[in-house]
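There are two complexes below, and they share chain A, which is joined by chain B in the first and by chain C in the second.
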Partner chain A sequence: MTVRDAPATHSPVATGRPPRSTSVRHVAARVPRSIWPLVAFLVLFGIGGLIRPNLVTIDSLIGTATFAIILAIASFGQTVAVIQAGIDLSVPNTIAFSALAFLGLAGPLGPTGAFVAALLTGAVIGFLNGVVIAKLGLTPIVTTIAMNGLLFGVILLVFNFSELTAIPEFVIGITSAKVSVFGLEMAAVLLLGLALMGVLQLVLSFTGWGRSLFVVGSAAEAARLGGLPVDRIRVVGYVVSGVLAAFAGIVIVGYYQQASATMGASYLLSSVAAVVIGGASIFGGRGSVVGTVGGALVLAQVSTLVAVLNLGANIQQLIYGVIILLVVSLYGRSATT
Partner chain B sequence: MSVASPPVVRLQRTGMTRLRREGAIAPICAFVVFLLVYIVINPELLTRFQLQTAANLVVPLALVALGQLLVVLVGGIDISIGAVMSLCNVVFATQLENVPPPVALLLAVGVGLACGLFNGFLVAYGGLPAIAVTLASAFIFGSLAREVLDRPGGGVTKEIYLATSGELVPFLPVSLVWLSVVAVLLWLLLQRTALGRHIYGVGSSMESVRAAGIDARLTKLLAFGLAGMVTSAGAVMLAASTVTGDPRSGDAYLLSSIAAVALAGAAFTGGRGSIIGTVLAACTLGLIGNLLFFAGVNSYWQYVISALIIFTVVGLPVVWARTTSALKGIRS
Partner chain C sequence: MTDARIGAAAPAAPVPAAPPDGSPPAVDALLVATDLVKSYGPVHAVQGVSFRCNPGEVLALVGENGAGKSTVAKMLAGAVPPTSGSIVVGGRPLASGSVRQSRQSGVRCAFQELALVPDWTVAENLSLPDGAPYRGFSQRKSVVAAAELLGAFDLPHIDPQVTVGTLSLADRQLVEIARALAGRPSLLILDEASSALTPPGVAWLFQRIRDLTSDGGSVIYVSHRLGEIAEIADRGAVLRDGKVVGEFVRGGWTDDQLVSLMAGREAARFFPAPPARTTDAVALEVTNLRSDGVHGIDLVLGAGEILGIGGLQGHGQAELLRSLFGAAPATADSWSIAGRPVSGTTPVRSVRHGIGYVPEDRKREGLALEMSVGENLLVPWFRAYQLGGRPRITRERTWIDGVLGALSVRTRGPDERAGTLSGGNQQKLVFGRWMDRARTVILLHDPTRGIDVRAKQELYAAIVDLAEQGVGILWFSTEVEELVHVCHRVAVLYQGAVIDELVGERLTGDAVVGASMGLRAAA
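Entry: the complex of A and B
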């Protein structure tokens, strides 16, 4: 019966559209989605070169990539949350909380202790998010918005901002310090971000937990019936998301060498934007950290172009919006309509 | 069964049932408790000045939350609502310098409607997810707002302030009157017109609504458009009560409007949510800061307490249902 029903439910969509089996489409559909944002980035880079030929330099590429990798690191946690059909809107204040906790604890615990402690706060935040979402059944959006608000209050209540100025050396060493690779000068954060991307992509693609995250994201009920511990996978997913956001907080504090209560605010929408442009489905079950890096590169290249052409921050935001719309209309159609 | 019961009783019962079904009981109770605590701690609330200040504080939030509710009812969510609010806010404030106030108001509402229809068209006819579309339009509308006016300013006058945020008669702030007008009109529309019932229907079961021959896409589009108009009303009230237009004024309302709708017990899958619950939830969330100020508590606690209220009010019914069903399972 289900076999007979299946074409019937799809027929309203299929009728009236040309068949999709043209060879170009076929080939395009087989290319991994995470390639497209990288292609888009290269196209934008080329456009930049056409407008200002002096833009096509390795230094300019590294500059854009450094800016992009910081946004990407802040969006890795968001990627994990989106893959499992959730969303983490507590990223901004998790970033701020972990950064401030790191600076505050660096004195008493030493840099390493503070580093671990800051990541632990991220884990606790993620755990609370996950438990409320998975066990209480609250919507991810509402839960993480409430958590974001709660963290903002805690940040303002707990930290004494005037004391938080000393940035431990080793964090600067892994972020803003210059390193030389094949004779090219670049900030250490670029290598750190790419390494993190590699590790995360391997975990997501090749470990049981990584694969189960995609299953839970695309068909939670089927996963449950199939015997997967869906709630536990979800909770662990949010813990990972929280830890990654906390890590981003430490990286941001190391690179920009300042911290404030609102330091994460700009990552609320831009982290989701990077994930969406990176080809993840906002409904879950699809996404990759490589794609997220590509999405961040696209956003960063746009901001480089806008800065070079002197168009102003407003136009940059406008272009961000148009790009998201384009990406979503290319492959964001909901499965139900 | 319903035929046997007298009509009056049935009416009352449906009213209560409707409130319960729409999840409005918890936020109403939360508001009553909150208000009692507030009055005990700070009886001064019932003075003319404080009533007016408190009303001006909560009315913009309540209106934006109603806008968010409309989108949530059709199963969407509006990430761009803060940007729409900023845009309408600056359009209203800047146009006051050029045209008479009623025209400026119409322009602001028109811009809100246009923003809503833009989102609604892409969601309903483009088949795109609301969260992604409104994420994109949040960037677009936000940049338009800063194009219109790049720093706080505009031509909001004292007369506008008095007309929207003053007192109608002693002890009755005008802003509450405007809020009631919008809320009652919206309630009539949702409960007493076909479009309103379709909005609830589209949210709760898209397939059944389609099978019944209702134009689900048009309904979604209209819900988004209506949401834009209600949001613009909130933007105008904010511009008037702060006597300024500010291209970033709406930013804070994105998260708080969603929080208010959540506290109102609305279902983010659509089809459930009440107007009275949303208005009262917005009042509760909007006044927590004030309450703490008067209680002599560090007002930073308001963020923590708001979050805890949301977790409690939204989470308790779930826990309650779980425990009762578990208990029933043990008994049987």
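Entry: the complex of A and C
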């Protein structure tokens, strides 16, 4: 909390007059933040094309986008958590838990019942996170990472992995099934993810709850003294985050048609990375799901390039790290000018 | 007492015959401060302060909140670089803006807001700041050294091995003073360093000061406590609005004279009169309100009344306002808002009951600086299931434009980022969100602090306007003139309780300042 307040309190002298800047910078400052990751993605796509001209095809674009949209769906909840100046590091095992719960319950409850139940588990996990953070005042990073560890234990205790094979038809229908749009074949998950993005962005931008979430993330004390129910907004934010992570679990099961206890592990850092590259401030009050999709596209394109150039997973992590450092320092600069 | 001079030996205002820049200072002066100016953006905290301090002398700096005393003390200590002006210590100019350099020239400072690390032990706090980081640190040696030091300073009751955070406020202040004394300073600055001390503690401090001055050291003593100043100060300077408005010498002054000088004599140039009250309805009533820092306050605020809260900062005003809004836990024997009894409140409930609150720190507590002007105005009025963002701003455009217009907020429009506005305009946003929203009570925490004269005017007009509409206004101000001229009634707080309530004839600047010093003036 105190860290986020620093820029405001450190400059009592500042009168809000921005320093003179060149016209290019001026124009750049007016472009919405969520556009930059898309620009970065196109640049990386072009670089890929220079290296391997056969990469510049519609099919390869759709392939990267499909990979990206799954990461984006897994990162939507993270976006909501980061906007309210929190973080949700329980995303990986929420994904795994809901996926396994969904498969395990599909038999007894039927696919729809299992779907609802899996989302409910996400809601419960998010509710616990939110209550501990908002009411007991624990740090989000500690709370959610503890929740992540706790969930892993529960997963290993509860689930009998050998039975989890049959995947309900309707989940495949909304994820890996091929649909045709304007004559282009693509996985249904791409459309699902874009639709979800649209709905979430509308909620964040144009509802009282969405705007309250930004106020809480930007200045929690100001929100409280303005009479906003800060605790409730926080808890609902984590519930939304948990439900979205649970939904991501079901989507991942449907698309990859397999589930395991560690299926969410890779989303721990990549979900945070997608959100940050998407223009969110890790200190809260800023972020968008459109930006998160852009961030996911950048990460997906990087991993495509790494695969094409045969650099290996270690180099991929290194490049992720460099990108995040670059992005954070760039956004940090533009915030001060 | 219209003249700025008190006492026979005081030179003419605006005072000391400081040497012009460049010429060598008088041989005997230990400290010569010439024409010190400190500006924070458009706010001039200190504007042209000059004084000198001779060896073996105790110089008092007195003045109201915001008169610039602490800023002067911080400049002398090197904690704040002056915007212009010079400080010469022992014949050599003081390198500004470096506490380290200032310490090397023999200047030590004990601050009101304690500069100790609460999680460290007394011994660590006493030895570490002076221990160069390249030298080794030994717990055992530091404890021995600290025990020796505390013994030498006659403070045997403080255990060097306890953490500072567990000490009482008074003991912490003693440690802070001991740390400053440990450097054998030639100039010791005590900035409200006695504010938490008990009478024996003050006696102890005065003994230390006398030891120091008898060795030829000097002390600059910043305090609100006139009794202490009468006892210890050889000379003194009165500051008001960042300027020296008078000087005094030992024995040549009375409490009343100093209080008048501090309060100032400026006429009611800028202040609108409070509107005539048209109703006897009560907006807020509370008896025996208790909270952390508030010890049993009774309060009745009428509809359309402007009730001022006076007193020095830290005497419970902030806690009172926070308690009434529900931002701090509080209990009371009886409590009613607009005639409706309540048992307690929270910010959410307060807003629903028709209370608005303008907090102290507009940047941290008032605004979401990242967000737009329009959304900042709408913060209390967001409901989860209603519209927000741009469509809401469009829908509320009439109200937003009305507020921005009534307060003359200088902004490019509701979409501008609130963080880019000037301080005065930001303050107007925090205030404006409560306008025309069917409020019964508005709680104001020093809304005019640190904003320019024109913005103040606009806020005064808006406050009077709200009172005319029948809103009860509870207004804590550190500016005595505001309280005297714009309020119907002023309650002065002292140590968490109402020491005096001033109304009508008795509502004068002197009475407010006197009461805030703990002097209960006769009618």
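Side notes on the structure shown:
One rule holds in what follows: the second predicted complex is superposed on the first by the 312 of 337 C-alpha atoms of A that agree within 3 Å, B and C clash if a C-alpha of one lies under 4 Å from a C-alpha of the other, contacts with A are read in each partner's own complex, and residues count from 1 in each chain.
Here is the rule we go by: a residue touches a chain if its C-beta (ideal position, glycine included) is under 8 Å from a C-beta of that chain, and two chains touch if they have at least 3 such contacts.
Being a predicted model, the structure only gives us computed values, none of them experimental.
Of the two partner chains, chain C is the only one touched by A:T207; chain B is not. Of the two partner chains, neither chain B nor chain C is touched by A:T64. Of the two partner chains placed by the overlay, only chain B lies in contact with A:A146; chain C stays clear of it.
In the superposition on chain A, contact is made by A:L138 with chain B only, not with chain C. Between chain B and chain C, B touches the greater number of residues of chain A. By the document's definition of touching, of the two partners only chain C reaches A:A223; chain B does not. Within the complex, the chain C residues that touch chain A are 40-42, 325, 327, 347-348, 350-352, 357, 359, 363-371, 375, 378-380, 382-392, 419-423, 433. Interface residues of chain A facing chain B in the complex, by the touch rule stated above, are 87, 89, 132, 136-139, 141-143, 145-150, 152-154, 156-157, 269, 272-273, 276, 282-283, 313-318, 320-325, 328-329, 332-334, 336-337.
The touching residues of chain B, when paired with chain A in their complex, are 77, 79, 122, 126-129, 131-133, 135-144, 146-147, 150, 206, 255, 258-259, 262, 268, 298, 300-308, 310-311, 314-315, 318-319.
Chain A makes touch with chain C in their complex at residues 5, 8-9, 12-16, 18, 205-212, 214-215, 218-219, 221-229, 233, 236, 281, 285-286.
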